[in-house]
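Each of the next two complexes has chain A plus one more chain, namely chain B in the first and chain C in the second.
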Partner chain A sequence: MTDRGEVKERPAAPAAEPHAQDAPGARPADDARRRGRRPGGRRPTGRWRRRLARNPLAILGIGIIALFLLVVAFAPFIAPYRAETQNLRTTYVPPGAGVSFRGPEGQPGLWVSPVTRSPVGGVSVDASQAYPVRLFQRGPEYTWLFGLIRSDRHLFGVDGPVRFHLLGTDEQGRDLFSRIVYGAWISLFIGLISVGIGVGVGAPIGAVSAFFGGWVDMVVQRVIDTMLAFPGILLAIVLVATFGTGLTNLMVAVGIAAVPIYARIVRGSVLTIKNQEYVEAAGALGRRRMSTLFRHVVPNALAPIIVQSSLQMAIAILFAAGLGFLGLGARPPQPEWGLMLARGREYLAVAPHVATFPGMAIILVVLGFNLLGDALRDALDPRK
Partner chain B sequence: MLKPIRRLVAALSLAALLGSLAFAQVLVVAQGTDAVTLDPHDTTDSPSATVTSHLYETLFELTPEGAIEPRLATDYAFSEDGLTLTLTIRDGVTFHDGTPLTAEIVKGSLDRFLDPENAWTFRFLLDAVEEVAVTGDMQVELRLANAFAPLLAHLTHSSTAIVLPAAAERYGEEFAANPVGTGPFKFVAWQRNDAIELERFDGYWGEKPGVEGVRFLTVPENATRMAMVESGQAHVAVRVPPQDITRIDALPDVTVHNVSSVRTIFMFMNFALEPIDDVRVRKAINHAIDREALAEFVLGGAVRVSDAPIAPGIFGYTPVGTYEYDPELARQLLAEAGYEGGFATTLYTPSGRYLQDIQTVEAMQEMLAQVGITATIETLEWSAYLEQVNAVPGESVVPVGLLGWGTVTGDADYGLYPLFHTDQQRPVGSNRGAYSNERVDELLDAARTNTDPEERLAMYEEAMRLIWDDAAWLFLHSETQLVAVRDDVQGLVIHPTERVLAHTASLQ
Partner chain C sequence: MFQYTLRRLLVALPSLLGVLIIVFLMVRLAPGDPALLLAGEFADAATVERIRERFGLDDSYLVQFQRFITGVVQGDLGRSTRTSRLVTEDLADYFPNTVELAAASIVFALLVGVGLGIVSALRSNTWVDALAMVLALVGVSMPTFWFALLAIRFFSVEQGWFPVAGHGTLAHLVLPAVTLGLSSTGIIARMTRSALLEVLGQDYVRTARAKGGTPGSIVFKHALRNALVPVLTVGGLEFGSLLAGAVITETVFNWPGVGRMLVNSILARDYPVVQGAVLLIAVSFIVVNLLVDLVYGLIDPRIRYD
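Right, the complex of A and B next:
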């Protein structure tokens, strides 16, 4: 049982700087002991940030996540078209078709000519026309910030009656770039909700289980054991298959699959913290146990939760894509990346880009969260 | 000294053995789905029927051109009143286990098919038959409750094939996996969801096949199936996805055959649900769909846009109209029906069952959005999907659902009666939208019992016009079969009833 919590119990250090201001009696002895072991370790909070900033992989991870969040935040502006707009006459056009770097009279810039494609006839480019791609071009109107802002300016677009497909189009002639940009929101949302459910349900269960111990711990941990016995993705598949497909059920299922992991991690942390002197002091001063748990113990067990959450974001996005791929998640025409990948697979022989770009988007975001999670774990590791 | 020689001999004989295996003339057919059963009476799907058609034979045969020819029956005669059909059974036919075919066996097989206790899905094909009587060594009489025009057509249906009742009895439940028929191939082995192997039956009464055997492989992945025919692992691959037609056809040793099919693809509309119950709404939906664009760009030209509820090539087919793509008219019809702002609905579709099914529905979703109808798509796995659409009217929550229907008897009765007659509403028949029109019922009933082809044609035409004007379905298209065949295969028959037949095939 404890071997499973092994990795997660490592960052239990914040006990050195307890958030328990009203337990001063416990401090001198504890502090002195710790100071002896880690010279200069008075403020580890500052140190982990510095450690993180020195890690190039962490910077890369943070960069990817920042880009991802930026794309989510400004999706309607970044995407030149709506995610659902079809054009059956331009199905699975490869990226770059009809695009040239010189205008009709030799002007520099990016120029786009009309392209049509039929499943039988293939791609044909009408080179007699060409229109320039411009930044901050007008395009389809959109609303932003829950309808507060209405605009038709896009990051880029074509000044003319053709469409520019940066990453080509899919099997319904929809702009792949726009779909991936809009799909980022779905992935982030799935990640946040799933992690939220995992933390919100799993952490209290684990904390209560460890803090009260005895038969409560026994019962809760056996239930957790049962849940951990199923691989997470399998648990999610079972839940979605039972409660029906769709994005909401998918998020709940992936969240539930994360619950036992959080419960275990938090239990491990709480087990080490609950015997600290400041916790005993709080008890001695007459605080109720529940209040002690949430005022003094849980805040000190946050580090492993933060690390796990970053990794869990990656897992949730991957699970969601996997379930979408199996047809258990998002419904068409939602631009969910896993679903796009699954549909693109059908066209792998004729239009590999339809599957490749959503796949790359998944890889990139999952990589970003994994890098950040790993770096956080290293930075928060008290033994370093 | 002897050892190397022995080894050489062993190696040579092994090589010879492998060589003979490699040159064994076995035709390999890659299908998308495995057979469900090899008991022809229990067969309801074309992958199963494809295999049983090699093992079993029917009394009559529907040729690819649509003519009805004798097979196990050599001759037939209707009585004056049309209530008795006398059949002469072919001489010299033996089953794979050596049993000769007799009138008794034909009666036994038909009785098994008609036995209400067996409750075969397609029993309705022959439910006009009251009694089968043996009237000679090689003669049976089918006595009917009422004149039944499509009887001969129904006797070509692969589900009415003649089985050996003794074998059916002996194997019981296991008969589905131990077929004993009279067909040109006999059964060797069946690995579920993998392969079915048949070998040439040397005691076959007719012209013996040019190949020594047929192997049906189950390959659900489109891309894998195409790769198999490309690489020569399979000689035939069914259901070429539209996006691959050009590429596969351009290969030097593979040709994509485009053969018409009797399968019509449609979306049934649920008359028990608002606002679908309003004919103006149904017409608006029909006018909102650009079928030509769907046919060309989503389905790669592999379909024919419907102009009747049944496909050409079926007895009774007459073009009865078109729903022009006219979003303006659609909006106007919606406004007349009181839905200026459109409405929200759900399109149900299976995924992967029919050619480009989900892609077609997705394209339609956007077309419907153009006229103000906000549709969400519900995709379900095939058996879960059937459960939903098979609910009885009033309980069914499916407003619009995609389905296909293959009129495999080649007769309009089979293509219209189970789908549009009021008596065929769920739970018994296939009228899943609870369509009901008294005049259509009358016409379909009359056309069943009338034996004059001219009059039947007129009745079906009138019925189809009514169905068309009621916009009973969202009419879509009839599929064509796209089959990739390697050029060394000769004489393969791709039957419009969606069966690939190796009876006359040979390998070069």
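Right, the complex of A and C next:
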């Protein structure tokens, strides 16, 4: 506003004076600077970010992913208990059992009474005792940041000799909420490894294939066709069946299943880019072909890779959960969400919550990455 | 059209060969003695030696591969190490059930997905559109087995409308078909929406509107016909992947299909059956994709000349 104010203070200034002429002319540039833009034009890189920020679904997706990352990063702090701690006297406790919103003397807050599984079925609540749930409560000790930090403070916990199970317990009396929180990193890790293998192996293959063409392209394309002849999850299943089950093999398998997808995407964008003038110019200036490919072509093929990577995170997490569910992925007692669901399936009639909550966690995270991927595709689309 | 067909067939051939190579290598690359894998873990030494001899596992890979191909072409995929039944017999028993399930799913997905897509496109950028598209995305993001468990609990255990698992009557088919079709429904709904929106913006639709066509006739007589071409293609491709995606759904609902057979045989390390099931699923996927390509060329002549 100061710019405009100054201009208005000097309305009578003769037009012939140079600084008076400068003032209105400088205004657009100043406006641009105030909004964080370079004067003299919009930066193309800023445009997609603004488009993303204006899309409510993108914000939702980013919010979900941010929450997910926070949970992974602060898992021991957020989870009130360890993932493996069993208690065979409190199996299948449904969420909310023994929890009330009034204390023994009518105090407000969250109060927890001792709960035990009764031999005849169902749970019995000892309402004569109640202990308050507090934020930043002391609980089981944990180490954080690879053992650098040692603490026993948790986001919430009970001030008393009972346990508070936000989402209930599973068939071994383990706290479901803590298991889901600790399981988050497995999903994130699977997604990252899968995307890493997909991009790291698939993108160079696709780029080289398209850039050099000829028989190289021919051979690579047939190999990729073959890999794509295995629909979706089947290629991962084949790899796991060949090299054995388990979390490590599963991650590699889901990653390899992503390789042909990246190879094809990168091949497509390199094919369109390689005939553009700036690439031709680089060749004319005497750059070697490999160096042209990685200095000029690949950076311009990044947009579809980024979009695919968000969607691929979603696919990988789903695949991993599916394979875990089938018993081909993580092994007990790992708190992998698909595996937890598979265990919950056996107790569906007794304790539906054991299967319900890990499934919700999967949906939420997968939805987050799908939302972000979709929004990125729209935002990075140069036609808009 | 003949040339187009021939070209598509030729493109499919290397994929087929590649699938054969991968299935062949599965047993040979797996850790452990392939003879032991093919004979099963409970086989005695004599059986293992017999298998080694029969498949010539001491020969070079090239010779072995040639023998493998010959076997496949003659319909010999070996015997199950658990049941000693011919793998081809098992496949012949189970495959129709998988096709039945996938077909029911794709019908469901097309009906619901296209409907959702049309509503979304006609009300584009309203809350109806947003709701439909978020629903479609949730469908894509949902783990099928989770939905299956909830559906079993609610519709079978509590309401008793459908059987919990198994195969036989139409009632057995409903829950597995819906479960399997869910993610395809989402994909088809999104595809229908974008295809219809694109077509609705074209000149000939404006002409139809200018001539005084009712909104219904414009959408259903003019726009939808062209919008559905890519949708049907996606539907066809989805059908192909449903044949493979049925792995999880079949396991949850105990559906006697190739997918359940594959999972059970992997867990039991019954390698001849694993090979047979993988081969059948991959080959049927290739064949379905080929058919979709050919039908696409038939519906849309522009495709043939690319």
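Everything below uses one rule, namely that the second predicted complex is superposed on the first by the 337 of 384 C-alpha atoms of A that agree within 3 Å, B and C clash if a C-alpha of one lies under 4 Å from a C-alpha of the other, contacts with A are read in each partner's own complex, and residues count from 1 in each chain.
The rule is short, and it goes like this: a contact is a pair of C-beta atoms (placed from the backbone, for glycine too) under 8 Å apart; a residue touches a chain by one contact, two chains touch by 3 or more.
Values in this document were obtained by computation on a predicted structure and should not be read as measured data.
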Touching partner for A:86 - first (chain B), second (chain C), both, neither: first
Which of chain B and chain C A:349 touches, first, second, both or neither: both
First (chain B), second (chain C), both or neither touched by A:201: neither
First, second, both or neither for A:225, with chain B first and chain C second: second
Which of chain B and chain C A:67 touches, first, second, both or neither: neither
Which superposed partner A:118 touches (first chain B, second chain C, both, neither): first
Of chain C and chain B, partner touching more chain A residues: C
Which of chain B and chain C A:155 touches, first, second, both or neither: neither
Which superposed partner A:306 touches (first chain B, second chain C, both, neither): neither
Chain B versus chain C as contact partner of A:327, first or second or both or neither: both
Chain A residues contacted in one complex by chain B, in the other by chain C: 327, 345, 348-349
List of chain C residues in touch with chain A within their complex: 11, 14-19, 21-22, 25-26, 29-31, 134, 137-138, 140-146, 149-150, 152-153, 157, 240-241, 243-245, 247-248, 251-252, 262-263, 266-267, 274, 278, 281-282, 285-286
Residues of chain B touching chain A in the complex: 222-223, 226, 241-247, 290, 293-294, 296-298, 300-301, 351, 358-359, 362-363, 365-366, 369, 376-379, 381
In the complex, chain A residues that touch chain C: 57, 222-223, 225-234, 237-238, 240-244, 314, 318, 321-322, 325-328, 338, 341-342, 344-345, 348-349, 352, 355-356, 359, 362-363, 366-367, 370-371, 374
Residue numbers on chain A that touch chain B, as the complex places them: 84-86, 88-89, 91-92, 118-120, 122, 171-173, 327, 331-333, 345-351
